[in-house]
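Some structures to go through are shown next.
Shared chain: chain A. Partners: chain B in the first complex, chain C in the second.
The block that comes next holds the complex of A and B.
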C-alpha cells in the first residue's frame, strides 16, 4: 500500500512537470522539423528554419517563410536590445536609490511610498499600457524607442526596488553604523560598504529586468511606434498569419537567451556577500 | 602610543534625557536625568538590566542616537553637534559588525582608508593594531573564516586604529564562551592601561563589571542607582536594587531597636541581629544585607554567641570548594550561606547557627532612593 502511494506520488510529480514543460519542449523539438506545410507533422530533422532566419540559402520555397527579410527581424531585435539596455540601466539606478532611501532613512509616509512602489507589479499590463498611451499622446510625445523605455521603467523600477530591498533587509544595519563610527561619511559608507554588499542583488535584479523588458508584449504593444517594433511585437504580427516552424526557431533562440540571462540573474541575486 | 596625564572630567554628561515612544502610544524614559563625569584614563562600566538605558547612552555618545535634552562634553567641547563620523570616539559592537566583503586587513585599515592615510603608514598601523590584540598575520583572511573570539579581536583592532580619545564597548564579550570571556576581560583591561584612554564598557553581567572596571555606574530605569568602585558597589550597595543586582545576597527588612555609636540592634521579626552602623535611629525601618560568604558555622564545642542567626538547614549543595546552604530561620525567612566544604557532612533538617561579624552587615535606611552618592 505504502509502495503504491509512493508510485502514485512519483507519477503525479512527473505529470506535473510534463504539464509545465511539454509545450516548451514541443516548440523546441518542432523548430527542427522540416515540414513547411504543417508544423505538427514531423517530417525530418533539419536546421533549415534557423538558416533561413539568418538569411542563409536553403531549399525551402519562399512562400513557406514569413520573414520577408532578415533585416526586419534584426531591426526588431535591435530595438528590443536597445530598449532593454536603457530601461535596465535607468530603472536599476532609480530602484536601487529608492530602496536604500526607504530602508535607511525615516520620513513621513514611508510605508505609503513603499506600497506605491509595489503597485506597478500587480497593475494589469493592459491598464498600464492604455494609461501610458493616453499619457504620451496627451503630452504630445512621439511613440518610439524613448516612449517604450519610459514605459518599461515604470514597472522595472518596482522590480529592482523589491529585489534590492530584500537584500538590504538581510544586512546587519550595525555594519553601516560601524562605517560611520570609523569616520566614513554617508557617501563613503554607501560606496565602500552598502553598495558592495547589495551589489549581487542589484546585478541580479538588473539581469532579470533585462529579460522582462525583452519579453514584454502587452505594454510595449500600446506604446511602440511604427518604426520601433520590438521582437515580441514583431513575432505577434507574424503569428497573426498562422504558425510556421520559423516561429519555433525564433522562440527557441529567445528561450535559450532568457534561460542564460535569468540563470545568471538568479545566481547573483542569491549569492552570499 | 604615549600615555598623557589623565584629565579628571574628560567626558561630562549633564542632565541627559531621552525618551522613546512605545508602539502602544506611551513613552519610555531611556535616560532620565543622567549626570556623569568620566576621567580620560578610566575604565568605566555602565551596568544594568536590559532596558535600563545603558546602550542608549552609549549610542548617544557614539552619535547613532540623539538626546532630547542635556549636554555631553568631551575634552571640553560639545559632542552633540558632530555627526557620528566626526566624533573622536570609536565603538566595538556587540555583533562585531565586521565588513563581510573585506578581508581582515581592510577591515582593520578601514578607518585609515576613509581618512586617506598613505599606504605604507596604513599597513604599518594595521599590523601594529592587530599585534596589540594578539592576532598577527591574518590580514588576508575573511571575517567568516575566523572564530568568534578572533572576530572580537578584529573588531577591537579596527576600533583602536583611529586612536580614539574614548573607546565605547557594547557588551562585546557576551557572545563568547566562559573561558574565553575571562581571558578577554583581562586583555581588555591591559589594553586599556596600555592605550591610556577611557573605555566606556556596557554590560548586564555584574561579574564582568566587577572584574574589569575602575568604576561602575549602575543604571536602572534610565537613572543612576549608584556609582563607585567595584568594591564599593559590592560591599556597600546604595539601594535595594543594587543589592539584588550585584552578586548573591540575603536581604532582610527590619526595625531598629537600639542604636549606639558602637552598634545597632535590629529586629527582623522573631530574630535579632547586631551590626556596626552608628547612623541609625531607634524605630527606623531598614533593609539589611549580608553576603552568603560572610556567614560561618560555629563549631559544636564553642560557646554560643549572640552574634549568630539560628536556622534549620533545608538543603546543602556542593559547588566545588564551597557548600551552598539553604536554610530557614525560625520566623520562616530563608537565608543562604556559603560555607567552605569540609569532610563533616551536614544533614538536611539539622539546626545551625550562622555566625557573622557585625561589620559584615550593610544597612540601607528605607528612605528615598539614594541617587547622588558621590
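The block that comes next holds the complex of A and C.
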C-alpha cells in the first residue's frame, strides 16, 4: 500500500515536471524546423530561422520571413538591455541599503519599511503599470527608456531587498561586533566585513533583477513609449499579428539567456560566503 | 538645530534614497491613481477636475444615470475574473501539494535541484511561456496535430479562446508562486507529530485531515494569495489565450487606457483590484496573527 502510494507520487511528480517543461522544450525543438508554412509540422532540421534573424543568407523565400526588418528586433533588444542594466544598478543600491538598515539598526519605522517593500511584490502588475502611466503623463514626462527604468526600479528594489535581507539574516552578527571590538569604525566594518559577506546575495539578487527586468511585460507595456519598445512587448505584438517561425528562434534565444542568467543568480544567491 | 549622532546619520544615508524614490515613484502614483478614480472623464480622453463618484457606480451597474442604463456587465466581468482566478488557485494547489510532499522526501541534493527547476520558469519570459501554449492549443497546433494523426478526432478542436485555456495558461504561469510557500510549509512539518498521531491510532486519512493539512495551511494560504492576486489582475493570458470571448478585469483596464481613453474608469477598476488585494492580505494577516496568538 505504502509502496503503491510512493509510486503514484513519483508518477505524479514526473507528470508535473513534464507539464512544466514540455511546452517550452517544444518551442526550442521547433525553432529548428525548416517548415515555413506550418510551424508545428516537422519538415527537416535547419538553422535557417536563426541565420535569417541575424541577416544571413538562407534558402527561405522573402515572403516567409516575418520580421520586416531585423533592425526593429535589435533596437528592442537594445532598449531591453539598457533598461535592465540601469534598473538593476539603481534598485540594487536602493534595495541593499534598506535591507542593511533594517537588519543592522533599530528604528521605529522598521515595520513600515517592510510593508512598503512587500506591497510591490503582492500588487498586480497592471495596477502599478497604470498608476505609473497616469503619473508620468500627469507630470508631463515623456514615455521612454527613463520611464521604464523608473517603473522597473519600483518593484526590483523590493526583490533585491528580499534577497539581501535573507542573506543578512543568515549572517552571524558576532562577526561584525568582532570587527568593531578590533577597532574598526562603522564604515570600515561595513566595507571590509559586512559587504564581502553579503556580496554573493547582492550579486545573485542583481542578476535575478536583471533577468526579471528583461522579461517584464505588463508594467513595461503601459509605460513604454512608441520608440522604446522592449523585447517582450515587441514579441507580444509579433504574436498578436500572427504566429511565424522566427518567433520560435527568438523565444529560444531568450529562454537560453534567462536560464543562464537565472542559474548564475540562484547560484550566487545560495552560495555560502 | 537638532544634531544627529553617528548611528542616525548612517541610517539617514541608508534610508533616504529609497524613501525618496519609493515615495515619488511608487506611493505618489498610487495616490494620484486613487484621486483619478474620483474625477470626471473628459469628452476626448483626459479628465475634468470635478468630483465624480459614478465610475464606482458604473462598476456596480449604476452609471451617472444620464446616458447609461442599469447594467451589471462590469460586475459580471469582475465576478468572472474572480472565478477564473479561484479556479487557477485550485488547480495550482492540486498540482503542487502532492509534488511538495514528493520532493520533501528526496535526498537533499535532489531536493535543491527540483526546487531550482520549479523556480526557474519564474525567471523566464512570461510571454514566451504563453506562446508555447498558443503553439499547442491553436487550430493547427500541436495538440490538434497529434489528435488528428491518431485518428481520435476528424476535425481540429477549438482549444483556444475559452475559459479553460485561460485557466491553463494562468496555472502554467503561476505554478512557482504556489509551489514555493506550500513546499516550505511541508518541509517544516514536524515528523514527530505525525508519528504521534499514528501511534494514537489515527488512520492515515485522519492524520492528514487533523494533523498534516492544518500544519501546512499557512503555506497553502500564502500560496493561494500569491496566485490569486496576480491571476485576478492578469490581462496578458486572457488576451493571448482567451481572445474576445474571455474578457477579464485586466483586459477592461487595458481597454480604458489604450482604446476607450476613459482613464478615471480604468483607475477605478484598479482601485477595485487593490481593494481585493487588501481584503485577501488582511485575511491572511488576521489568520497568521490568530495562529501566533494561539501558539
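Just so it is clear, the second predicted complex is superposed on the first by the 263 of 273 C-alpha atoms of A that agree within 3 Å, B and C clash if a C-alpha of one lies under 4 Å from a C-alpha of the other, contacts with A are read in each partner's own complex, and residues count from 1 in each chain.
The definition used in the following text is that a residue touches a chain if its C-beta (ideal position, glycine included) is under 8 Å from a C-beta of that chain, and two chains touch if they have at least 3 such contacts.
Because the structure is predicted, anything quoted here is derived from the model rather than measured.
Visitor: Once the shared chain is lined up, is A:192 touching chain B (first), chain C (second), both, or neither of them?
Guide: first
Visitor: So, A:182: does it touch chain B (first), chain C (second), both, or neither?
Guide: first
Visitor: Hey, is it chain B or chain C that touches more of chain A?
Guide: C
Visitor: After superposition on the shared chain, which partner residues are touched by A:172: those of chain B (first), chain C (second), both, or neither?
Guide: In the superposition, A:172 touches chain B alone.
Visitor: Quick check: in the complex, which residue numbers of chain B touch chain A?
Guide: 62-64, 83-86, 89-91, 93, 95, 97-101, 110-111, 113-115, 158-159, 162
Visitor: What residues on chain C touch chain A, complex-wise?
Guide: Contact set of chain C toward chain A: 6-7, 10-11, 13-15, 17-18, 21-22, 25-30, 32-33, 36, 95, 98-99, 101-103, 112, 114, 116-121, 123-129, 131-136, 138, 140-142, 145, 172, 175, 225-226, 229-230, 232-236, 240, 250, 253-254, 257, 263, 266-267, 270, 273-274, 277, 281.
Visitor: Looking at the complex, which residues from chain A come into contact with chain C?
Guide: 9-10, 12-13, 16-17, 19-21, 23-24, 26-27, 30, 38-41, 90, 93-95, 97-98, 100-101, 105, 107, 113, 116-117, 120, 122-128, 130-135, 138, 150-151, 153-154, 157, 186, 208, 211-212, 214-215, 217-218, 222, 232, 235-236, 239, 243, 247, 251, 254-255, 258-259, 261-263, 265-266, 270
Visitor: Name, in rising order, each residue of chain A that touches chain B in their complex.
Guide: Counting only chain A, the residues touching chain B are 172, 174-175, 177-185, 188, 192-193, 196-197, 273.
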